[in-house]
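For reference, the structures are reproduced in the following blocks.
Shared chain: chain A. Partners: chain B in the first complex, chain C in the second.
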Partner chain A sequence: MLIYTLKRALLGLLVALTVSILTFGLLHLSSDPAVTLAGEDATEEDIQQIRVNYGFDKPLPVQYWVWLTKALQGDLGTSFYFGVPVSQLLAERLPVTLTLGICSLFFAIMFAVPLGVLAAMRPNTWLDRVCLTLAVSAQAMPSFWFGLMLIVLFCLWFPLLPVSGSDTWQHFVMPVIVVGTYAMPAIMRLTRTGMLDVLATDYIRTARAKGLRPRTVLLKHALRNAVIPVIAVIGVQAGYMLGGSVIVETIFALNGVGLLAYESIIYFDLACMEAVVLLLCLVFITTTFAADILNAWLDPRIRIK
Partner chain B sequence: MFKKLFKKKFVLSALVMSMAFVLSVQSAYAGKKNDTLTFASRGALGNVDKSFNTSRTGMIVQRLFTDGLLYTDPVTMEIKPALAASWKWINAKLLEFELRRGVKFHDGSEMTADDVVYTLRYVADPAVKTKGSYIKKIDRVEKLAPYKVRIHLKTPYPMMVNRLAGGVSIYKKGSYEKNGPLSQNLNPNGTGPYRLIKILDGKGFIFERFEDYYKESPKGQPAIRKIVVRIIKEINTQVAEVLSGGVDWIYQVPSDIADSLTSNPRVTVKTAPSMRIKFLRMDAAGRTGDDSPFKKLKVRQAVNHAVNREAIVKQLVKGSSKVIHSACKPIQFGCTEDVKRYEYSPEKARQLLKAAGYPDGFETKLYSFLDRPILETIMNDLAMVGIKVTLDYSTWPSLVSALGKDKVPLTYHGWGSSSLPDVDAILPFFFKLNAQDLSRDPEVNGLIKAGGSSSDPDIRLKNYNRALKLIAERAYWLPLFSDTMNYIHSNDLEFVSPQDGLPRLFLTKWKK
Partner chain C sequence: MMIQNGILKAIPGDEEITEPTPGQIMRSRALRHWGLMIGGTVLGIILILALLAPIIAPHDPYTQSLSDRLQPPVWDTGGSLKHVLGTDQVGRDYLSRLLYGAQISLMIGFATVLISGFIGVSLGVMAGYFGGRVDMFINYLITVRLSIPGVLLALAVVQLIGGSLPVVITVLGFMLWVRFAVVIRSATMQIRNMDYIKAARAAGCSSLRMIITQILPNVLNQFVVIATLEAAHAILLEAALSFLGIGVQPPLPSWGLMINEGKDYMFFKPYLISIPGIALFCLVLSINLVGDGVRDVTAPENRN
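Right, the complex of A and B next:
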């Protein structure tokens, strides 16, 4: 288990390093940061001065090395647009994104797993089809449209919830529904497939033959094994959710990392963009790593492979 | 039995309590009832000091909590004394200001000449990277008396009065010492009608009426107790907020949305002019290569004939938008529409292209970051005469970067002139013989410089008019239209629509 954990951790580090190199290179090549920083009225001399001041005149690998060594010490630079340290910006905005991500994940699991189990219990019946239709509809619905429809429903037709902001828990209700709904189909369908496979196995037949209650067979014996592939998918979905949703945070004016990503692209805030991408990458690596470890712990065959 | 009943009761009461909680949701920023005006803005604001930001939100916010020496009336566009009681030109390079007495900063201290001298010296310092180079035209600022200052300019610059009326705030002496450009974010202290009491980390700002605001201010006395600015990027969310009463006032509303809400009884829709114009610029100087088709006058003229501007204005921009023929907003000083005009004629465009050696048209790239539907219409119009355009749709920084690398043959652009009613706020920027200048015409540049450096209005007019006529004759631009500004606000609100597209929210009040 230890060797497996170390291998996965090393792989995660390599992925983080590769992503950071690619992000840094692409961002610096896509646009001249000195021109952007200099502003509209800048002269050629101003731009050159900024290149020297910020070290943009140095070769790209040197710039990357300087950035990486500082980033490893927690210094992600200063936001060009907001004028404050990027780490401060991330610290301010991360709680909103984490709240949204964690609540959405719970929301998704809370509905998707029971629906998946229900569908598996009655395969190819109207219940299964309803669940399948729900899954396909949720997957096909664009977050942007769904968010606006919820606003129309709960803020204009039945004014029960505030439209936007992040001050109270009510502000998170609609965003959580939107983000959670998007994550539900994958979890639900995988739960259904896993359950169908497990329910057809011999040990389940044995458990039933022993006279165990259907609920015990289903929840204690079947679900525990069916959930293994679901955990891997939840790991990936958690990455999406905890990384912040640009669209949902923009629609509901949630001041999170997703909105910061959008703002930093609009204002070409290089330091912010680099930090946000790095953060997203680390979130994905961490959640996938956690899912891998959990899977290995639940199923020893994975470790041996 | 008891267990079941308990369960049922618990579930029921939990449901009732949650419903009551949800129903008790009140916007933290209510309207007339709480004497709080909430407005939504799409742009985040990094720095509240206008000398260090160029956003429209910044311009609105700055006018709430700070005052300048002068002030532009939003209806008459007349320049009025604000912190200055009076001003006069001593000569073409020297301005003298008599300051108002008894003006208080928000910290309670009195504003004197020391504060004016300190602020202007700081922002005029070449080492301080302010937004907008006009302020660097100040050579030095001297204090003549406790309430009298003089501003010495490096070269004659008559527009300095408009600039001072348009965005140079006065802060307390020593303000910038500790935190430099970010000082007002950390310790806001202006002389404006509202005090900036809280910055909500990227979410907005809260202002409170300044009770000691000087009575003689041309801005009048603030009527509403509190103003809250909320940053909401998505326009549809803004509209939902204003319809549900969470926000009282929004601006920069697209015309199609404004049109759809004109008959809605919940809100008031207003359309007013904006100083912003939109235009196409062509690589007449051949910066993208010697074979650039836009080097040929006939090609540029063909582009001018090819685009149906009337249709764009009528079908897409709407509101108070109008077709323009010159490289400026017609109400700006120095602007003339008496220039060579190019009527919409695809046939003429095709003939010109043929005469220029492009009988089958050519392919080119259009760079922009704005107004996608308008861009697609323009591209379609150009395709009709044989100019096949591919779109490079990105952000403003990417466009600036591409311009710096001489990669831009054609660009669609907008310019708001910082809401200043003078062509000096637009022409020098685009005809400066630098990376932004796609025509690089020394004659046009010389005329604009001459117009900008004379204090004689006749000389200014003559030079600017000549420059604009040349720009039109040589078809460096395709001027498209003047933009419109749509506002939607609560029916409880009295809002003065500005002529320059820059809302003065300190003038708003609740209807009685």
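Right, the complex of A and C next:
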């Protein structure tokens, strides 16, 4: 177990390093940051001055090295647009996004797992079809459009919720519904598949033959084993949800990292963009790492492989 | 033996019963598959409408008319048959824009899958066929790509380069290859140990020839399934990018862009966002239904 954990952690670090190199390179090569920063009326001298000031005149590997050594010490640079240290911005905004992510995950699990179990209990019946149709429809719905529709519903027709902002819990209701719905289909499908596989095994037949109550068989014997693959996908989904939060937070003006990402992209704030991409990548690596370790702990077959 | 013969003989016309060919089985399965039939029909209609847009669109999608701005659709009070789905904030006919928008969405889906499919299949086949270090390296690439917050990086790159249709297609194409690689890799691994591959190798096939003539035809149905899923994914992402104003640029009638332009008026004219949204939903749903259907029909064992 320890060796497995260490190996997995090392891989995570390596991946994080590669992603940071790729992101840095891609963002710096996509445009000339000095020209963008200088604005439209800038002369050639101004641009040259900015290049020297911000270090854009040095070769890219050198720039990356400087950025990395500073980043490892917690200094992610200063935001061009906001004029404050990027790390401070991230610290301010992260709690909102984490709240949104965790609540959405709970919301998704609360509906997706029971629906998946229900569908697996009666496979290929109308109940199963309804659940699958719901999953397919939820998958096809553009999340930004769903968000706008919720605004029309809850702010115009039934004025119950505030349109935008992030001050009270009411502000989180609609974003949580949107992000949660986005994550639901994958979790539901996997719960259903896992349950179907487990329900066909010998030990479930034994448990039933012993005369255990159907409920005990279903919840204690079947579900416990069926959720193992679900945990892995929840780890991945959690990462996707954070990435997708840029759209949802922009619609609802929820003041989190996603909105920060949008603002930094709109205003060409390179330092901020890099930091957000790196942060989300680290969060993704951490959640998948946690899911893998949890999986290995639950299912010894995985560690040995 | 006797009894068996007796029973067999009891079935009238026994001699004429022939085994249905795989093609026939598949066709009958496809015709009985509701999702595939509905999805295929809707997708077909959208495809035809998009192709015929220049002929059937009642107006030019770019002509503005300030006196006609924000006309409601025909079922609303004040709507007229002149603009069946109404007009937008600068008086452009909404139906015409919707029809031309279908062209953009379909093109995004198709062109993106062309790029991402090529990258993903090449990597997947190489990893599955050669195994060992090649597999390890490609697996690492897959892990790295999965760890990059895709939407965010796509937004950033498109914004930095400058949004336009080719840029969006290229960025999405280089982003969405990962599922192709994962699925084709495991499919190739299964095929690699088949007897016909060993036979081809014994006959002296080169690796390249083996991949092209033996492996690629056998991973084709998996490819089609992933291609539909990723095309739908690409269409949704383009709409999201354009909605955020960092994708296809005005005045192109991209559905995401139409929702973006309509959102300032959504409290007074909800149809401005509901119509393109429903169109987007139908298109993506029909593509997904076709993909699921193709998987059920060609490989029912992968259904769950």
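Convention: the second predicted complex is superposed on the first by the 302 of 305 C-alpha atoms of A that agree within 3 Å, B and C clash if a C-alpha of one lies under 4 Å from a C-alpha of the other, contacts with A are read in each partner's own complex, and residues count from 1 in each chain.
We take it that a contact is a pair of C-beta atoms (placed from the backbone, for glycine too) under 8 Å apart; a residue touches a chain by one contact, two chains touch by 3 or more.
Note that the structure is a prediction, hence the values are computed from the model and not measured.
Superposition of the two structures on chain A shows chain C clashing with chain B. Of the two partner chains placed by the overlay, chain B and chain C both lie in contact with A:156. Legend: residue contacts after superposition of the two complexes on their common chain; A:73 is shown touching neither chain B nor chain C. Once the two complexes are laid over each other on the shared chain, residue contacts for A:196 go to chain C alone; chain B is not touched. In the superposition on chain A, contact of A:124 is made with neither chain B nor chain C. In the overlay built on the shared chain, the residue A:281 is in contact with chain C alone; chain B does not reach it.
Touch criterion met: A:265 reaches chain B and chain C at once. After overlaying the two complexes on the shared chain, residue contacts for A:253 are found with chain B alone; chain C is out of touch. After overlaying the two complexes on the shared chain, residue contacts for A:141 are found with chain C alone; chain B is out of touch.
In the superposition on chain A, A:170 makes contact with chain B only, while chain C stays out of contact range. Counting contacts by the rule stated earlier, residues 30-31, 36, 148, 151-152, 156, 250, 262, 265-266, 268 of chain A appear in both its interface with chain B and its interface with chain C. Against chain B, in their complex, chain A makes its touches with residues 30-32, 35-36, 39-41, 43-44, 46-47, 79, 81-84, 89, 92-93, 148, 151-152, 155-156, 159-168, 170, 250-253, 255, 259-260, 262-263, 265-268. By the touch criterion given at the top, residues 21-23, 25, 27-28, 44, 46-47, 54, 129, 131-133, 181-182, 185, 201-203, 230-234, 236-237, 240-241, 243-244, 246, 395-398, 400-401, 404-405, 429, 434-436 of chain B touch chain A in their complex. Across the complex, chain C is touched by residues 11, 14-16, 18-19, 22-23, 26-27, 30-31, 36, 136-137, 139-145, 148-149, 151-152, 156, 192-193, 196-197, 236, 239, 242-244, 246-247, 250, 261-262, 265-266, 268, 273, 276-277, 280-281, 284-285, 288 of chain A. Put simply, chain C touches chain A in their complex at residues 35, 140, 143-144, 146-153, 155-157, 159-161, 232, 236, 239-240, 243-246, 256, 259, 263, 266-267, 270, 273-274, 277, 280-281, 284-285, 288-289, 292, 304.
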